[in-house]
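Shared between the two complexes below is chain A, which has chain B as its partner in the first and chain C in the second.
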Partner chain A sequence: MGSIVLSGRQLQRPLSSLCRSCSRRLLPRLSRSYAAVSSQQPDIYDVVCVGGGPAGLSLLTALRSNPTTAGLRVALVEAQDLEKVRSWKLPPDRFSNRCSSLTPASAQFLDNVGAWAHLHRDRVQPYHEMQVWDGVTDARIEFEWTPPAAGKTIAYMTENLNLTSGLLRRIDELGGVTVFNSARVAGISFGEETEDLDLREWPVVHLASGQRLAARLLVGADGANSPVRAFAGIESRGWDYERHGVVATLELEGEGWGGDAMKIAYQRFLPTGPVAMLPLPGNLSTLVWSTTPANAALLKSLSPKDFVALVNAAFRLRPVDLEYMHTISSGQEEELAWRLQHTQFNRRAIPQTVVGVQDGTIASFPLKMRHADTYIGERVALVGDAAHSIHPLAGQGLNQGQGDVESLARTIEFSVSHGQDLGTRMSLESYNSERYGPNHVLLGVCDKLHKIYSAGSGPLVPLRSLGLSAINALGPVKSFFMEQAAGNGIKLF
Partner chain B sequence: MPPRIKPALLRQLRYLHLPSSPSPVRCTSSFPSRSFSATTASASASASHSSPNSTSPNSTFTTVSPDEVSHFNALASSWWDPQGPSRILHLMNPLRHDFIRSCRSSVLDVPPPPSNNLKYLDIGCGGGIFAESAARLPTTASVTAIDPSPEVLSVAKAHAKRDPALRSKLTYLNTPIENLPVPSTPQDGYDIVSIFEVIEHVPYPADFLDRCAPFVKPGGWLVLSTIARTWLSWVTTNLVAEDLLRIVPKGTHDWRKYINEEEMKTYFLQKRAQWTEPRCMGVVYVPGLGWKEVPGSEKVGNYFFAVRKVPDTA
Partner chain C sequence: MKALPPCLRSASSRHGLVQNHALQRRQQLPIATAVLCSTHSKSGRRSFSVLNRPPPNYPGHVPLTGLERAALAVGSGIVSFLDPYRGDMIAALGEATASPYFIERLRRAMLASPTGRRILRDRPRITSSSLNLPRLRSLPARTVGGTYVAWLDREGVSPDTRSSVRFIDDEECAYVMQRYRESHDFYHALTGLPIVREGEVALKAFEFANTLLPMTGLSMLAVATLRPAERRRFFAVYAPWAVRNGLRGDEVINVYWEEEMETDVDALRRRLGIERPPDLREIRKREREERRRVKEGAAAQAVAS
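And then the complex of A and B:
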């Protein structure tokens, strides 16, 4: 049995009186030997969260830390071993390759639920300036806070494991979450009706261990291929970008042009996709390079020195030179040295030179756009990647998930304080209406940005440059975009 | 579409042109007082029914209107459909709790009245929208919910089975208020007696409220909600909600039974002893936004009203 109970909190309801025959209802695909194990009654929970990633852990933290919702019976089902997350530790000079840009709004939420203090703060790097430019025309937009706001944080670069391990520590501190660790979901079905209880609309999660959890509200925080979403019959629509995101932890020649106090994020739009370098503490940065699957395969096959050369080339060379450098299987370092002699650029407008890549940090993942038709069903709510997948070019994926969780926790709090059944679709309506529209707009904007900048030539190219230059010239418009990027701008909806 | 609006409008106007009902398009103050008491309203028809204070079990007197019971029986199956005809009631429910909380927290008793282990009596509970929600609150000890319509009450009971949290706290009884035993001592009464969206369906509201009053514990609250009788409430609840938008089933409202807030205050504070601290909150339904508190709107449309039974002086 892979379950651990984080606190000795007593069950609030007498489970002995719960529906006995629910146990007999099993999904057809469950094995017969399993049926014998599951003759016990299902445990009844107010919230069962499937998925212990950033969204699921944040939701449980929010519910447990709020006095109104702290009385709820909550469970977490996670397929991976959370012990590895809890004990995650790296030397101060080593950084995980999976980082996210947390907006001040997300950081504020994490602080409100008491989790921010549990992160390793020395591994969190705020940045204060953004440099974004068009790789074809060099049109540039400099996102820099105006003097009154100088030094203001645009976002915080955070390792995902730093976030999840911090959230777990906060959940440990709060207690009261029943955790089913390394627990595979074998199936989800509906409960049954007995003489005194009608659970026919309650989802029942069947664990491979034989345990069954009846959920007043089943939360799908279970990622892009969400089994909870499939159970609820909610379609997720979108397309694959035929691009991969290549990530790596990079070592630079210095702390950046602005030093430690003024860290800068860089993003250059190339015809194959945007390449971004985001600051980490000291002389480290994290790379997110959206490119073709073939280019991603090449990048992963290169020697460290050729990989470093290709990354440096991506921020310096013209697209045609860069394209050539992807056609050779090695020797990028020498090729770059020669081509740099014939390329003009402003050294201080691009990131400092990369001098190394940390071992084992080069990885890639496919990029796609997905949006579920709705985030709610009867006794079901979807959060984070289960509800939407976004192109990483704006660094908004994890923040969207945090926004979902904040809204869902608020919706649940309202239900509890007004005696509503928190699992019914009617109680969940405000969550869906608060989040669907803003997420849809952001998904659309990032999708269009990707498509507009994928053009290497043609009528779009001068137009988009004109657009970037115009934005750059218009202070108020630019600050509006920056406020939006930092997640604290005027609410559009 | 004017051809559809016109017959509905004419029907409504004809309906309202009764000798005792003036045209609705006049200012509020010109409306006659609602015949609040059974003894005046039915003086010519039956002067002989039992007095309001008599609670003899053999009495044939009832505060329940048979037409209303059959109307709500017909609605029973859709009561819990969140997109169905009762949606607007579901949306109103959270405001009921906000109102009760604001009433209870507004008193300055020393020591403050207990805020836990509260006992509720919900009169005219219907499908149990309020009763279920009251029972789920952690501050609630028990909810007794009654309704004279058997179909509606069976829907309420079946729905309550869906939530294991309700089993130990919620009791449904298929009875009108006059058949419910009055608490043996005042202290056995209820902390909150709620009468939501009921009084506008009752033929003799004064008698009905007199029957409800003994169930309130000293220091407890009688809380109700209804609709003011104004030209605007006729337009919104009868013409727009029932005939034009059809978000409320046809025949739900009889505008002539609506009671104004002043009449409610007069009843409790001038004609009856033992009541104090009247509270009122006007609410307006805005399509797309839901119910909103709008100060002053109690004079023209839906409103909540509460009075507190004078606490025992120790």
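And then the complex of A and C:
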């Protein structure tokens, strides 16, 4: 509201629509001329983004690549060394274990901001079909596009580091972002009032190095334990799943049943959580196995051949066999060989046999559901994991963040082109209203799916199988879900 | 169930009581390997007709259509109700009603236990030759082997009276059924229940609570054929005992009887969480004597008056 009533003092603030060169010229003079009065004058930016992950980097890329917002003075604060990300390189046959699925909508956005071309495209694997089934009853749903759209991409599997390093290269190409690399945030507070600047409502980021950055808009892209969110006093609610996601890069016996041109993603719902195998280029795949912390600890302690056996078992054997195989500390390989003789399954409906796991790629992380009460405050906006954490079963975490960024960049563009103060709550309102609902629905759906499939027995089991089979049989309903998952369905909210 | 003439398994008794490993191995159900991983889906397997019967999944297997299975269940159920000594009919009833679900549940119970898994892997068969009865007779009476052989001798039955499983489609489930059937006598030994109709019904109630096999539940219908006094005793004593112990105790299918021969039977009962029911044979004997005394007393009174 304050931004409408333009008092004389407020007029002295650097205007958001000032071009970069002007404000750059203006600011040093400001700080220089008042250096005698106050040596503590913070650096003033239009947008300070805390966190250089996929969400933060995408936001800066989007702002810099848009002519309307390119004039903003923007800064990035990242605690880790971005040099490592920038120089990230792996041999073509080695893949990082942290991969995400990018929907066509997210890929389109990245292409619009010019970042898609900077990714190592030979390390990005599109997939065209999904096989999802119930580990208890074997009820199955097959997501494959019907003939007119046959072979269409459902999503792209991308290493997170490939994405962030590509975004960094794009930002370097665009230039104009002040990067505070390896900079720890010591604290965030409101600014002070001086003779000609009233920064009492402006957040000021104090870096460990002693630098201070005043932000017209402070963006929290700083992950699940967001200091920006804590500063804004926004509560994040939810629960821990008491599950860990185990990831690994796997080597398969072949390129998949559909060959290199037709890749398939697989997910089996076990009572301990879903296990997913998602295709990477060649004969590689990435594993995401949500399981209990105890099972995750066992998986990480197994020898490679027993780990591989347990992964193969996870897609083939009955839950009771898997449960037993998690109680022994070795010998899973032999157990699998015996049980395979007594277990019936369709070989071509499950992933090809895993033959190896890449060294040092087995890791795990705890799973939780969190949703911030709001994504905005006065001069504060949250994006990505700072705003929400989701169960990975639908592979939507990164895409939600991309959706946030796209919406926030559009909101900022609107403010800039209409001469509004881009940091006020009123300017940010459309971002919150656009993203909160869809994110909340998706969080809820994934949460309920997790809960429904956590039951190993009882009346829920036949009901959920009936539901899954019904959706599988109803073509239009299935197409609707696929379009929604691909991010190009009709807007529901 | 016990009184089936021992003609079916004369081969094993001819081999005498020698512990022969080759013989034992031959008695195990062969593991059909390659066929199992084929692309046959469940629905594909059901589509056969009487004219187009698929090949058996294991030696002795008779694939049945759903209708045939239902007819078998009804027919064998009626015959075994009318004549509880038709062990073959009770066996057929057990197989016809075990799938779907029940036999899979029992296999799941075995797979969940390390010992159960070992049994499924080794697939031991219980016959008089595999058990080495003379050795069991030399064991102390407190042991499982001693109790079992004493029970065999007291009831006058042999372990060789069990027919092979034929009507269960999955060959591993067929072994589970075979194992249940062959362990049945050990349940008698474990609980001390006799093979008279009343004891069988009580044991079947226990087995139903423990294994959930429908045949054992259906066998409880035989309670209708008991004498009123026996029926009262069943509902007052043995049914509550069966339900409590069957549900609370461990799955008895997971006992590797061959390895428990020298275990103290009370220790095994404690381990499984099963209490021994009142000795039915003793009760019946006492009641018979009581009746006779009453009758004699009445006769004496009648003479005196």
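Here, the second predicted complex is superposed on the first by the 453 of 493 C-alpha atoms of A that agree within 3 Å, B and C clash if a C-alpha of one lies under 4 Å from a C-alpha of the other, contacts with A are read in each partner's own complex, and residues count from 1 in each chain.
What we mean here is this: a residue touches a chain if its C-beta (ideal position, glycine included) is under 8 Å from a C-beta of that chain, and two chains touch if they have at least 3 such contacts.
Please read all numbers here as calculations on a predicted model, not as lab measurements.
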{"item": "First, second, both or neither for A:R348, with chain B first and chain C second", "value": "second"}
{"item": "Partner chain(s) touched by A:D81 [first = chain B, second = chain C, both, neither]", "value": "neither"}
{"item": "When both partners are placed on the shared chain, which of chain B and chain C touches more of chain A", "value": "B"}
{"item": "Touching partner for A:V320 - first (chain B), second (chain C), both, neither", "value": "second"}
{"item": "Touched partner set for A:W338, first chain B, second chain C, both or neither", "value": "second"}
{"item": "Touching residues (chain side chain A, partner chain B) in the complex", "value": "13, 18, 44, 71, 193, 196-202, 216, 414, 416-421, 424-426"}
{"item": "Residue ranges of chain C touching chain A (in the complex, touch as defined)", "value": "31, 33, 36-37, 39-41, 108, 111-112, 114, 117, 120-121, 171-172"}
{"item": "For the chain A and chain C complex, residues of the former touching the latter", "value": "318, 320-321, 323-324, 327, 338, 340-348"}
{"item": "Of all residues in chain B, those that touch chain A in their complex", "value": "82, 90, 93-94, 97-98, 132-138, 140, 158, 161-165, 167"}
